[in-house]
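The two complexes that follow have chain A in common; it is paired with chain B in the first and with chain C in the second.
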Partner chain A sequence: MTTVRHVLTASATLSVLAALTFAAAMPACGNTGFERVHFRASVGGVAHEGETLTFETRAGWTVTLERARLAIGPIYFNTIVPLQSHATGDLHRGWRSWFVPIASANGESHIGQGRIVGEITEQLEVDVLSPTLQTFSRDGIGLSEPVASVELWLYNRASLDNAVATVAGTARRGELVVPFVGQFAMDPADATTEQPLDSLRRIRGIAAPMTLSEGASVTLRVDLRPAFANADFSELTAHTRDREGRYRFARGDNVFASFQAGLRSTQGTWNVSFTAPSTTTR
Partner chain B sequence: MQLHACRASAKSVPPFAMLACASATWLASSQAHAQSMDVVVVDAAADASTAAYDAATAEGPSVVASDGSAVDASAVSVVDAAVPSSAPLPVEPLPREAAPIPPPVAGVPAPREQGVRVIANPSSAPRGASDQTIPIGRLLEVPTQNAGDLLRLAPGIFLVNGLGEGHAEQIFLRGFDARFGQDLAFSVDGVPVNEPGHPHGHGYADTHWVIPEVVDTLRVQEGPFDPRQGDFAVAGSALYSLGVRTRGARVQYRVGSFGTHRLVGVFAPEGELRGTYVAAELARSDGYGDNRSFERASANLGYERVLGSVRVRVSAASYLTRYGSAGVVREDDVRSGRVGFFGTYDRTQGGDSTRHGLSLSLDSSRVNATLWATYRTYALRENYTGFLLDTQRAGQSPHGQRGDAIAQSNQSFDLGAQAHTKLRTTLRALPQTLEVGVFGRFVQGDVTQQRLRAGTVVPYATDFDFVPAMANVAMYADGELRPWWWLTLRGGLRVDAFHYNVLDRCAVRGTYVRGAPLDAECLSVDRAGYRSPTSRSTAMGLLPQPRAVLAMGPFAGLTFSLAYGSGARSVDATYLADGERAPFSPIQAGEVGATLHRHRGAWTVDARALGYITHVERDLIFDEAQGRNGLANGTTRGGALAALRVSHPRLDLGAHVTYAHAVFDDTGLVVPYVPPLVARVDAALNWPLPLKIRDRRVTLQAATGLTFVSPRPLPFSEFGELIATADANVSLRWTHVEIGLFCTNLFDAQYAWGQFNFVSDFMSQEFATRVATRHFSVAPPRQLALTVTMHLGADAARHGADARHTDHSVEAP
Partner chain C sequence: MKKIRGLTGPMGPIVLSCALAACGPPTNTQDAGGDVAGDTVTPNDGPVGPSFAVPFVPGISPMDNAPRVIQVTASSETLGQEGFAYTATPAEGDIVFVDGWEVRFTSILLSVSGVRLDLPAGNAADQSMVGAAVAREPRTFAIDLKKMGNFPGAGGGTETSIPLFAFTQTGAGAPLDPMVRYAFSFDVVNASANATNVNLTQAQFADYNEMIAKQWSTLVSGTATYRGRAPEPMSAAASYPQSVGFRFGFSAPASYINCNNPDNGMDSAPGVAPRTTGPVRAQVTFHTDHFFWLRLNVEDPPLHFDQFAARARMMGANAEVSLEDLQGVAPTNLMDRMNRPIVDRGEQTMGYMRRTERLAGEPNGATGVDDMRTFVAFAARGMGHMNADGLCAIRPLGALRP
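Moving on, here comes the complex of A and B:
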C-alpha cells in the first residue's frame, strides 16, 4: 500500500509539474512573418475620347493610333526600389547628381535582383486604346510584404502574330501623312553574352509602392504616347507600303527604336495604381 | 537467489562495496519482491556504489562469469548503493532485468548461476530529466523500418524522410529542425555518426546501416548537459548501443506492398556476451508512387570478450544502398492535376550511399577507450526549385534555364578515438567521482556539388569542390558530487578545439573576368591576372562549454533536477574564410524537471516531465536554393514535455508529448518548419493464448505506434497539415515459428512528410512562378507486409513450454 501511495503521490506531482510547464508554454504562439494574399489585377489604356488616340509628339508629329494591342503578362511585384539611371533619363535630377551619383548595375538601373513577392502568371491581350479595364481571369498571388516596383515580362502571343505588341495608325506633320503599322516581338536570337534573354524579356523597375493585401486591386494603365515621342515617321516613307497601304516599321528604323524604347521605359508608358480592399468593390 | 554470491565476494572488496552489499542484503530481505531480484555483484577492483549506480541508472552492466562467458542478464539486478541503510532504499533495477530466471525445461540447457562480476559501465550518469535510456525491448515490435525510427521512442522527436529510403531521416526535436543531424549528435557504440562538412548538411547522420534488430538500448540526451557530449549536440544526443540479448538465431522474411522484400538474419551465439552477434539485412522495394525504389544490404558484426579485467569489443559494419527519390511537388500542381500526389518532376533524383566501419572498445573498471575508422561514400541528386536559379550570368553563352538539379557527392575517412577514466573517492560515506576524458577525431572528405542539366546526370556547373580536413580535439572533466544522499551535483567543463584545413579546388567561380573563355569555371585567372585555380583555407577555434546538473532525490522514486549547459555546433567548412577563427554556433540551454522511476513486481514505471529553454546564437535554417540549411540569425526556443513508460513482461507502453516554441531573436517571428506539438504512443503486447499445439503454447504479439504532430508553421504565416498516423504489427508465435502482419499508415492517411514554402518553377505552368508557394514531399500510403520469422536456439526452444514462462524467451522490456 505504501508503494502504491508513493506512486500515486509522485504521479500527481509529475502531472501538476507537466500541467504547469505546458500551461506556461502554450500561450506562446506567433507567426513566421507576412501572409499570403490574393488580389485582383486589371489592365487598360488611358482615358481619352473616341476609339482612336491622337497626340502630339516632341518631334512635331500628330499621331493617331487606330489599333494598339499588347500582350500583357506575366507581371511580377518586386521588393527592389527602382533607381533612376541615365537611360531612363531623370531630367529633373540636375545638380543632385553631383552629390548623389546615380546607381546602376548591368545597365538595368538596379542593384541586386530584389525579391518577387507578388505575381500574375497569366497573359491578356489588351486593347490599350480602350480605357475599359480588362481583368485577369485568375487572382494574383502575393505576400503582404512591401512592394516597390513591378516587372513586366514580355512574351509573344500567337493571336498577335507572335508579337508582344502591334500598333497601327497615322502620323501627320504638315502635309506629310504617314500611315504606319508595326510590331514588337521577342526574339530569342537577340540574347547575347552581355544581354541574356531573361534580361531582354523584362521591363524592370516600374514604380509601384504598395503592400499587397487580400482582396486588393491593382490596375495597370498603358499609355503608348511616350513610345512615339522621338519617332521620325518620315523615315518610313522610304519603305514600300503593305496591302493596307501602310508603311511597316521594323528593326533598324528609328520608329521601331522609339517604340521599343517606349515599351521598355519604366516611366510614362506603364502606370500602376493600387486600391486597398476596403475601397474595392468585388 | 544469488545473495550468497555477494556475501562471498564481499570479503575481498573495499568497504564501500561492503556497504553496497549490505544495502542490497537489507533490501533483498525487506522487499516483498526480493524473490525476483538478485543482488548486484561488483568487481573487487571497482567502486561498488558507483558501478551499481551507473548500472542502475544508465545502460546497465555487462554481466560475465568469472571465466569470461556470459550470464543471463535477468539473473542480476542492481540497487543504488549510495543510499545509506537508514534511508528508505530506492530500488532502481533495470526494467529488462526484472524478469525471473526461467526454470529449466527438459532438453534445454539452463542458464548458469555462478559467481559474476560487473565491468564498469561506460555510460555516464543521467543528465537532467530529459536524459533517457530507452531499452528497446518489445517495442521493437512496433513497425520500424530502420534504426533511425527507434528515435521515435524518445520524447519530442518527429522523423520524416522525404528524400528516399536510403537518405537519412530529417529530425525535429524540441523546437529544432535538426535536418539530417546538424543539431543532434549521433553515436553507435561510442563511434560518432555525424559527418562534418557533408555536402547535404554539416552533421549529416545516417544510421540506416544499423540493423534495428541489433539495437540494444538507445539513450537520448535532450540538451547539452553532459560534458561527454561533443560536436552537434545542440538539441541533444542519440547514443545507440548494439547488442543482442535473446541469444540464438533469428531469420525473418518480410514481403509486402509495392514489391517490398526484406530478409534479415541475426545470429547471437549462446554462451557469448550480448556484444557478440552477426546480423545481415537485404531489402528492396519498388517504392510507392514514382521513383521511390530502393535496394539495401547491410551487415553488422560484433564480438565481445572479457580478457582478465578488460572487456574487449570489436564491431564492424558494412552497408550499401541505392535509392530513388521523388523530391518535392508543388501543391498547386497537385491540385490542378499537373503532377500526381505520389508523382515527381524529375526521375533522376535519388542517390546511393555506402559505409564501412570498424571499431574497438576496451572497458575496464577504470578506463574506457574506443577507437574507430570509417569510410563513407555518398551521392545525391535532388531538385527543390526546378528551373529557377540558372539565369545567364556574365561570361556565359546565351542559354535558358537548364535546371536546378543538384548532384552532391562525398567520400570521407573518419578516424578517431576517445577515452575516459574515473577517479573515485568517498565523502561522508557517499561516493564522489571525477571523470576525465579525451576525444580526438579527424575527418577528411572530398566534397562536390554540381548542377545537372534537366532530366540528365550531366553536370553543367560546379557550385563547390572542396577537400575539407577537420580535426576535433576535446577534453573534459566531469565531476559527481554528493554532499547528501538526496543531492547530487554532476557536471564539469568540456573544451573543444576544431581545426580546419580546406582545399578549395574551384576557388574562382561565379565571377566573370574579362578575357576569360566563355562558360569556363574554376578559372585560373582573376582581375589581377593569372592565378592557380585552387586555394587553401585554414581556421581554428577553441570553445569552453560548462555543463551542470543538480539532482534532488530520489524521494519515493521521484527525482527533481535542474540543468544548465553550453554547447556548440562546429562550423561548416563551406563558410570558412582563410585565417578566421572558426565561427561556432554557441548555444545555451536550461532545463527543469522531474523523473519518476518505480518498480513493483513485474511492473516498472518511468515517467518524466520538464520544461526547457535553448538559445542558439547562429542558427541554420533550410535554404531550398542550396538544398540544405543556410546560416540564419539567433533563435530561442522553449517548451515542455511529459513522457511515460510502463513495462511488464506482457505489456510495454511508451507515451510522450512535447510542446516547443521557437522564435528568432531579432524579429520575434516563429522559426518555420518546427512542429509545436509532437505526441507519440507505442505499445506492445505479448500474450499467451489458450491454445497449445504439441504441448507448446501459441503466443500473440501485437504492437502499435500512434503519432500526432500538430501543423507546422511555414514561412508567410501559414501552417502545414496536422499529421495523425497509426502503425500496427500482429503476429502469432509457436515455438520456433512466428507469422505476422505488418502495417504502416494503417488508415491510409494521405499526408505530407516535408512541408515547405519557397519559390520554385518546375515549368509546370504557362509562365514562370516566382512567389513562394507550398511544396511537400509525400509520406508513404498504407503498406502491408507479411512476416515469417524462424527463431532458433535454446530460448526459442523454451518458448511456450509453460504459460508461466512463455515470455522469458522473448526478452523482457
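Moving on, here comes the complex of A and C:
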C-alpha cells in the first residue's frame, strides 16, 4: 500500500486539512457543529461466481474478464449532490432518477464545488474481479456531516506498470474471438487548458448518500462491465498480438475510449455503500 | 461569449462555507426545484392556435429608465446570431471549429418558461438553493434566438438581445428592493401550444408544431461549410460533403437556477439587484457552441463538426444531417456513414493539439449518453446562462430525448 498524500496538490491537501481542523473547532458554535470521526473503507469487485467475470455488452459481445486490477485512492467525500442525467431511455436506468435527489450543477453541466467533509488519502491496489473486500490500512477521517457524493482521484501505480488500471480478457461475437489486454494510465500530456491535470484526475459526483460517523464502514464496489458496454473489439484485430497472444487496446482505439469513459462514469462502475457502526465493535 | 474560468480545485470555498454551515443563521431556504416540476409545460400534441400569430409586445424598451425594474431579455449572442467563422489562425479567445468548418444558424428555437425571482439563500456551497419566491412570470415564451433584438446584448459589441418582459414588483405587489440581490432563475421546457410567440414567423410555425408533437425543447438548424485545408485525396474525409445542412431537435428540459451575474462585477456572484437610478438587465443567454462539443464536463472544449459531416445524408444535391443520423453511434466509437473511424482534423487550426489521431467523444463522467444523440442533448443542456457568461445551477426537468 502506498500513500499518495505527497502527490496531492498542495492546495487540495491544505484545504482539506484546514476544513477538518476548522470544523473540529466549531462545535462551540451552538449545537450545529460536527464531530471529527474516523471510519473504515474497503474496496472490492461485484459478487459473481468464479474467478473470471463474464457478461454481455450492448454492442453484442460476450466478454470474459480474466484480470482486472485497479489503483484506488485517494477518495474524498463531498456534500454536493451528484448529477443525475435524466438521459433515460432505458427503464433500468431511468426509474432510479426519480427517487434520488434531483441534480444540481453549475453552468457548463458541471457538478458544483460542494465541500469536502471526509477523506482517504491512501492508495490501494485492488483485484476487482474478487468480491472479497480489501481494506485501507488507515482509517479515513471526516466530519459527522451529511455526504452526498464521493470523488475518486486517479494516480498511476508502479506495480500496475505505472497505470491506474490494467485488464485482460476475451471478447467473443459470433465466430470472432478477441483475446485482449490493456490499461489506462494518467498521462500529463492529456492535460489541456480547458482540462488541466487536476481536473483529469478526478471522477466526481459518485452518489454516496451517508453521514460519516465514528467507527462506520464505507464500501466501494467496482463493476467494470459498463466500461466495455460500447466497445467494438473487432477493431483490435488490426493490431498484432502480444507475447501472450492478446490484442492490446491502446489510446486511439475505441476499446480504450470505452474503457476510459467507463472508468470515469459516475454511475454503474462505482458503487458506494455505508454501514453504520455496530455497538459491539470498535 | 468570452472564455470563462476554468475549473477550480474542489476545496476552494471550503473554509468559508464550513463556517457558514456550522455557525451561520438559519436560512429560510427551499428546494428551488421542488415546485418546478409543476411548471413544466404539459405536453400538448395539438398545434399552435390563432393566438400564436398575434404579434408579441414585450412592453419594455431600451429607452425605458424607470427605477427598480428588472428587464428580462434573451440572446444567443454574436455566435448564435452571426455564426462561427473559420480561420486556421484564430486570435486568443476566438471560438472556431478546429476541424475547419464554418457554421451559420438558420434558426434556434427554444421555449423559455418559469422566469422568476427568489430571495437569495446565501448558501455558497450549493448554488441551487434559493429563498422564498418573490415574483414569477407566468408565460412560456417561444423564441427564435437566431434573430436580432432591439436591446444591446450583454456580451457587448454588435450582439443584440430580444426583449421579453420586465419585473416591476414582487408577486405581492410591493416594489422591488434595491437592497436585495434577487436570485434569478428560468426554465427551458418542451414546446407547447400554449406558449407566447415572441418572434417566430408564420413560416416557422411548422417547425414549432413539430417540436410540440415530438415534445422537443430545442430545435436548431443551419448550414456548415468546410473552409479548412483540402483533405488528402482518397482519405475518408475526402468523401465528406463540403456543405452540410443540419437540423437537431431534442428534449433537454432543465431549470437554470440562481444564476451568476457578471454585471455584479464578480463572476461568482449570483443574483440581480434593482437600481434606484434606472432599470437593470437580466439576459437569458444561450451559448450555441455547446451543440458541437465532444468533451463533456469541462469548460470550453474545442468545437468539431466532422462527427456530423461524416454521418450526413445526400438529399439530392444537398447533404443533410439530423440527430437521427447519429442513432446508435457510440461517442467513444465515432464512425462515418461508411463505418470508418473519423480522423481528428483539428490540428489544421493553430493552438489545437489532438489527443489521438481518431476523433472520439469523451463523456467524462456524464451518464446516460449512450449514443451521440443524447451526447449532443447533454452538452446542450448546459447552454443556459445569465448576462453572457453567468453560470447557473442546472436541474434537469426531464429525460434527454432525441
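A few remarks follow.
Heads up, the rule we're going with is that the second predicted complex is superposed on the first by the 219 of 282 C-alpha atoms of A that agree within 3 Å, B and C clash if a C-alpha of one lies under 4 Å from a C-alpha of the other, contacts with A are read in each partner's own complex, and residues count from 1 in each chain.
FYI, a residue touches a chain if its C-beta (ideal position, glycine included) is under 8 Å from a C-beta of that chain, and two chains touch if they have at least 3 such contacts.
Owing to the predicted nature of the structure, the values given are computational and were not obtained by experimental measurement.
Using the contact criterion defined above for the overlaid structures, shared-chain residue A:33 touches chain B and also reaches chain C. In the superposition on chain A, no contact is made by A:273 with either chain B or chain C. Judged by the touch definition given at the top, the superposed model places A:258 against chain C, while chain B stays out of reach.
By the touch criterion defined above, A:132 lies against neither chain B nor chain C after alignment on the C-alpha atoms of chain A.
In the superposed model, A:76 lies in contact with both chain B and chain C.
By the document's definition of touching, of the two partners only chain C reaches A:232; chain B does not. When the two structures are aligned on the shared chain, A:194 is found in touch with chain B and with chain C. In the superposed three-chain model, the partner touching more residues of chain A is C, compared with the other of chain B and chain C. Once the two complexes are overlaid on the shared chain, A:122 sits against chain B while remaining clear of chain C. In the superposition on chain A, A:159 makes contact with neither chain B nor chain C. Comparing the two interfaces of chain A, the one with chain B and the one with chain C have residues 9, 11, 15, 18, 22, 26, 29-30, 32-34, 76, 106, 116, 192-194, 196, 198-199 in common. Contacts from chain B toward chain A in the complex involve residues 391-400, 518, 556-558, 593-594, 596, 598, 600, 605, 607-611, 638-640, 642, 659, 661, 663, 667-672, 676, 713-718, 759, 765-773. Listing the residues of chain A that touch chain B in their complex gives 3-4, 6-7, 9-11, 13-15, 17-18, 21-22, 24-26, 28-36, 73-74, 76, 106, 116-119, 121-123, 141-143, 153, 155, 188, 191-194, 196-199. Against chain A, in their complex, chain C makes its touches with residues 4, 6-15, 17-19, 21-23, 31, 33, 125-128, 257, 260, 290, 295-302, 330-333, 341, 353, 355-358, 360, 362-370, 374, 377-379, 381-382, 384-385, 390-401. Across the complex, chain A meets chain C through its residues 9, 11-12, 15-16, 18-19, 22-23, 26, 29-30, 32-34, 58-59, 76, 78-81, 83-90, 93-94, 102-116, 145, 151, 190, 192-196, 198-199, 202-205, 229-232, 235, 251-254, 257-258, 260-261, 264-268.
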